[in-house]
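Next, two complexes with chain A in common: one pairs it with chain B, the other with chain C.
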Partner chain A sequence: MGKRLTASIIFLLGMIVMFWLEGRRPDPVELLPSISGEPEYCLTCHQDLPEISPSHPVDIFGCVVCHGGEGLALDPDLAHSTMRGEKNPSDLLVVEASCGGSTCHSGSPTEDRDHIQRVTTSIQSTYAGAIASVRYSFGAQNDLIAHMGINAVQDNNSATDISFLTAFNPTQETQSSLLSFAENCLYCHISAEPLPGEDYARLTGCAACHSPLSPDGETTHTLTTAISYTQCNTCHNRGNYSLRDMQYHPREDQYSGRLHEYYQPIAQFVRCEYTLDCIDCHTRSEVMGDGDIHNNQDEIQYVQCRTCHGTKTELPRSYTIQNENDPAFRFALLNPVIDLSVGDTILITEHDEPLWNTRMLADGTYELFGKATRQRFVFQPVAGTNCGQNPDEQESHYCHQCHAVER
Partner chain B sequence: MPRPSFVHHLHPAKIPRKQARFTYTFGTGGLAVFLSIILGISGILEMFYYIPSPDRAALSVQTITYLVPLGGFIRNLHFWSGQLLLIITGLHFLRVIFTGAYTSPRRLNYLIGAGLFILALLLDFSGYVLRWDVDIQWALITGTNLLKTIPVIGDSLFKFVVGEALPGSITLIRFYAWHTYGLVAFAAIFLIWHIFRVRRDGGIASSKSPANRKPDRISRFDLVDREILAMLYGGAILIVVAALLPSPIGPPLTGISPNLGQEQAPWFFIWIQELLRFGDPFLFGVLIPLILLGLLTAIPYIFPKLDPREIGSWFPTSGRFAQGVVVVIIMIILIFTIRAL
Partner chain C sequence: MNKKLNRRGFVKLLTKGILTISGGLGLGGIIRFFAYYKNEYPANEINLGPADQYPLGSKTILNQVPAILHHTEGSYKALSLTCTHLGCTVEDSEGAFHCPCHGSGFNADGSVLNGPATQPLQTLKIELISDGTLVLYKQ
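Showing the complex of A and B:
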């Protein structure tokens, strides 16, 4: 009986150890997103994460539809093993699976809403202009036409002369300069990991712009269309690429404050070019592409001073919102910095993109709300002033001649 | 003396004390039966949640593991019992060889035991496949493709096991049916037959006592008491192992990929994985393993003679050849297993 008692106590101890270990396991926190109808338990560990954006409520989207992963697994290794793009499902390698679909961000019959196609064929992704320009400079191609991109892309409905780009492959280049270019100068397209350092810290893919990092460089669970100039500056205005030595040279000046952060010392700019954020002037199609493949940045960037200010002979283009289906409402809903109403007159670019954060006022001036700062600015058209600028010469450097501010 | 219960009646009224000595059998046969019972109970519990379809199988395993109360523990119990069963039956086999217990009149029971070991291997492999996660892909594809290499019957055998051109939903339901019913039914019949034959063949093998001396015996009550002790200790170890060591699990297999990636056989077939490196898949993946298995199975018929006085003692000198063959085969398996690790 003594032997059996000892064995029973040992068996009981085994049971106690088992129940103690079971008791230490976290209670699963279930989420039943309506979009998939499949339960997932990511919140068991990730309850502290804020909702990523008002457009992606967690009770509708859940986590798995965007991030992938094993929603039923409570072991971190297994749960995270099939995540797309690790912490960044918008990386261009996986973006179609994460963000795509005709009810989401790709496959829409209207080109301007087929966002993944727009972004992957955009200059920000293809880097086609830089590649063509450098290859032309070193004799690897005979023209400045874009033949290659960072990745091979195709556009079957191209409105330009380019329907595809092949992938730039440095190993097939014979010029050493092109190898240096590939090694030192390909950090700025949005599928590339950035250079090390907090000035360059950003994610890749959609998140390169839409998910700003925290001030200490940590990833944040955020998707926003209110993109500050600081996010653009993780690629732009940080330094220069030199064709002479095929190296990147970071800017060397010590700077602080918005004006100095914004542009490098050699740059000329007017006041609105640093008080506003980049996206207050530059439109979605300029930044994210228009769905077609272009040769270089100049082909896609078209907004000029006159887009908002007009010329001495013409007021800026504008239109009056006729109904609630107007696209301006959709944009304003995503980033509600302005309370638009049917009947408001707003500015529109020469490519018919509404500048939905502007509005014409009764006195003939205009107001603009900063998309990132939410600040209100009032400005007037050129027409009716004593500006002597030739209406055909509207590039910014002409305006800078009179209106540039001192650093 | 209390009245014997049903469980007592399953045992002989008395057995020689030396047959019941722990250091003689190490309780491997009894532990194998105990593990089989644990496997049956834990397997039935898993069946309440397991879904045998390619798109749900791995998810249902995740549900069992992480979400069902005590589900992870029950699954671990099932897994570790399955692995231990192979080890314990392997040791059981070695005990039989090294004590000369394989000779007549126990040759038939030796064959039944070999059948049980093969069934345990098949049950372990089919259970491994039921996970239907990415980690089972290599072994599933390689294992079933090896069937195709068998002359004449290969294609039919593949069709019988897989049921379609590439492993998919039909394959999974077949493995499920074999694992939960077909193989279990055979194993249950063989196990009962095996235990029956132990009694019919005169109990656990031992040399006969001198005619003038009655062997020292223990009663069925003592025997059951010892079994209970073994189950309590074995159960305690199993519970702690299952509570501490998670069984393998991977992301769902979402489609058979042409790129099988890293070779990844379950541990008990890893020596065949290593053999396959030598070339011809039929020769190294099927024929050689079958020859080795056949040799082991045929030991009582190849080496039928053993000095009756040595039966039941460790390493009988008259059984050296049989022991040598077994040691060589075991060494081959171990060496190739270690090479692959």
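Showing the complex of A and C:
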């Protein structure tokens, strides 16, 4: 009789535990994203997450198409077991599976929409210029041409002389300095985990730029094209790498405020350069790459003061929007800081990239809307002013000679 | 009849009580587990109610589809408002349709005004049945 009682008590305890566990299980919340047509239950636990962007509504995309994972699982460990890139599906190791596809970000190269190919071959990913420069400095290669990148990349349709890069492998280098370079100086390409510290905190891959962390350093469920200079500063303007000791040296000056955060003391700059955000001037192809493999940053970065201001003899390049298919509308849709219309005249760069956040005004001046701040600026062309610049000296550093800000 | 409960009887009764409670808990758990009902999948056929709700010349947005119903001379036409690019719902914009997700544009007849969509909005089958109601077929 005692054994029966003991067994029944154990049975009761088992039932109580089962009932308790069953009670803890949340009621599944089903989502049927139209893009896949397959149910998923991620919202059972993640209903509190905000929509990541207006272009990726959750009822259309769901979660699994980007993040992977087991959409039907209600057990967190099982549900998360096959996620791509853990919390960051845009990491370059998994980005093609997460963000790629012919209707998404691997889309048609002819429409300049093959973002993943552009980013993976961009200088921000390959770090090819730094690698070539350091290898050349220490005699590991005979020229400054890029032969290696952080990862091996190939571009069979490259418009440059470089169609591929092999992966930089420090263990195959004979110079100890190159080992030090690999250990201490490779924190800023977008596949790299950043240096510790809130000044450097960012994610990797697309999210390095498009998913800013919260002010307290937490990841946010956000994708944005309104990228503040502070996001660029997680890699730029925080310090310098030294060839002498192959170490990173953070800035030693005490800096605060936009002006001082923006530029290190050694740099010259004009007012608009620190009043605006980096992406107000620098274009998509400069930042994300143009699809070709380049030797270094200088080859890809081309916007100058004259791009917006022109020269003493020429107005800046511009064009009038002819129809609704103009790419400027697409960019303005993603970050609606300006209300463009067919018939508006906007600036365009030397490489035919529309500066879609600008517009020519009736009095011959131009307006620009900050992509991150939404602030409106009005500026004038150089033509018609008293500017005494030499026609042969049009690069920005010549403008700095007269217009640089003192600090 | 006042039978005194001895120790053996008490243990027997206790065991039965425990087993009864355990069975109840187990049964409750099983009922609770199977009590979950999946969301119903959207129906393919949608009854739009009496046709006279949609007077001649009217254009009615059917949010539940989503589609726009146009009553023209002698016929009803339904145009899907699901963008053919990735499936967002397009918005009526001064006689044309505009996708808020990726910017595709469509003319009033559903043809593509601007990309990224390359296919026109889908025309949906609509039927006026014998009792005077309209039935719309999503596919």
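Just so it is clear, the second predicted complex is superposed on the first by the 384 of 407 C-alpha atoms of A that agree within 3 Å, B and C clash if a C-alpha of one lies under 4 Å from a C-alpha of the other, contacts with A are read in each partner's own complex, and residues count from 1 in each chain.
Heads up, the rule we're going with is that contacts are C-beta pairs under 8 Å (C-beta built on N, C-alpha and C of every residue); 3 or more make two chains touch, one makes a residue touch a chain.
Here the structure is a predicted model, which means the values were calculated and not measured.
Would you check which partner chain A:R4 touches, where first means chain B only, second means chain C only, and both and neither mean what they say?
After superposition on chain A, A:R4 lies in contact with both partners, chain B and chain C.
Once the shared chain is lined up, is A:Q154 touching chain B (first), chain C (second), both, or neither of them?
neither
In the overlay, answer first, second, both or neither for which of chain B and chain C A:T103 touches.
second
Please work out whether A:I60 is in contact with chain B alone, chain C alone, both, or neither, and reply first, second, both or neither.
Once the two structures are laid over each other on A, A:I60 reaches chain C alone.
Of the two partner chains, chain B (first) and chain C (second), which one does A:R330 touch, if any: first, second, both, or neither?
After superposing on A, A:R330 lies in contact with chain C but is clear of chain B.
Name the contact category of A:I35: first (chain B only), second (chain C only), both, or neither.
So A:I35 only meets chain C here.
In this superposed model, does chain C or chain B come into contact with more residues of chain A?
C
Touching A:D27, do we find chain B (first), chain C (second), both, or neither?
second
When the two structures are overlaid on chain A, which partner does A:D75 contact: first (chain B), second (chain C), both, or neither?
first
Pick out the shared contact residues on chain A: the ones touching chain B in one complex and chain C in the other.
4, 8, 11, 14-15, 18, 22, 28
Any idea which chain C residues touch chain A in the complex?
8, 11-12, 14-15, 18-19, 21-23, 25-26, 28-29, 32-33, 36, 38-39, 41-42, 82, 85-88, 100-103, 105, 113-116
Please name which positions on chain B make contact with chain A in the complex.
Its residues touching chain A are 59, 62-63, 65-67, 70, 72-73, 225, 228-229, 232-233, 235-237, 239-240, 242-244, 246, 249-252.
Report the residues of chain A in contact with chain B in the complex, numbered from low to high.
Chain A reaches chain B through residues 3-4, 7-8, 10-11, 13-15, 17-18, 21-22, 25, 28, 41, 70, 72-75, 78, 81-82.
Mind pulling up the chain A residues that touch chain C in the complex?
Counting only chain A, the residues touching chain C are 1-2, 4-5, 8-9, 11-12, 14-16, 18-19, 22-23, 27-28, 30, 32, 34-35, 39, 54-57, 60-61, 103, 107, 111, 113, 323-325, 329-330, 333.
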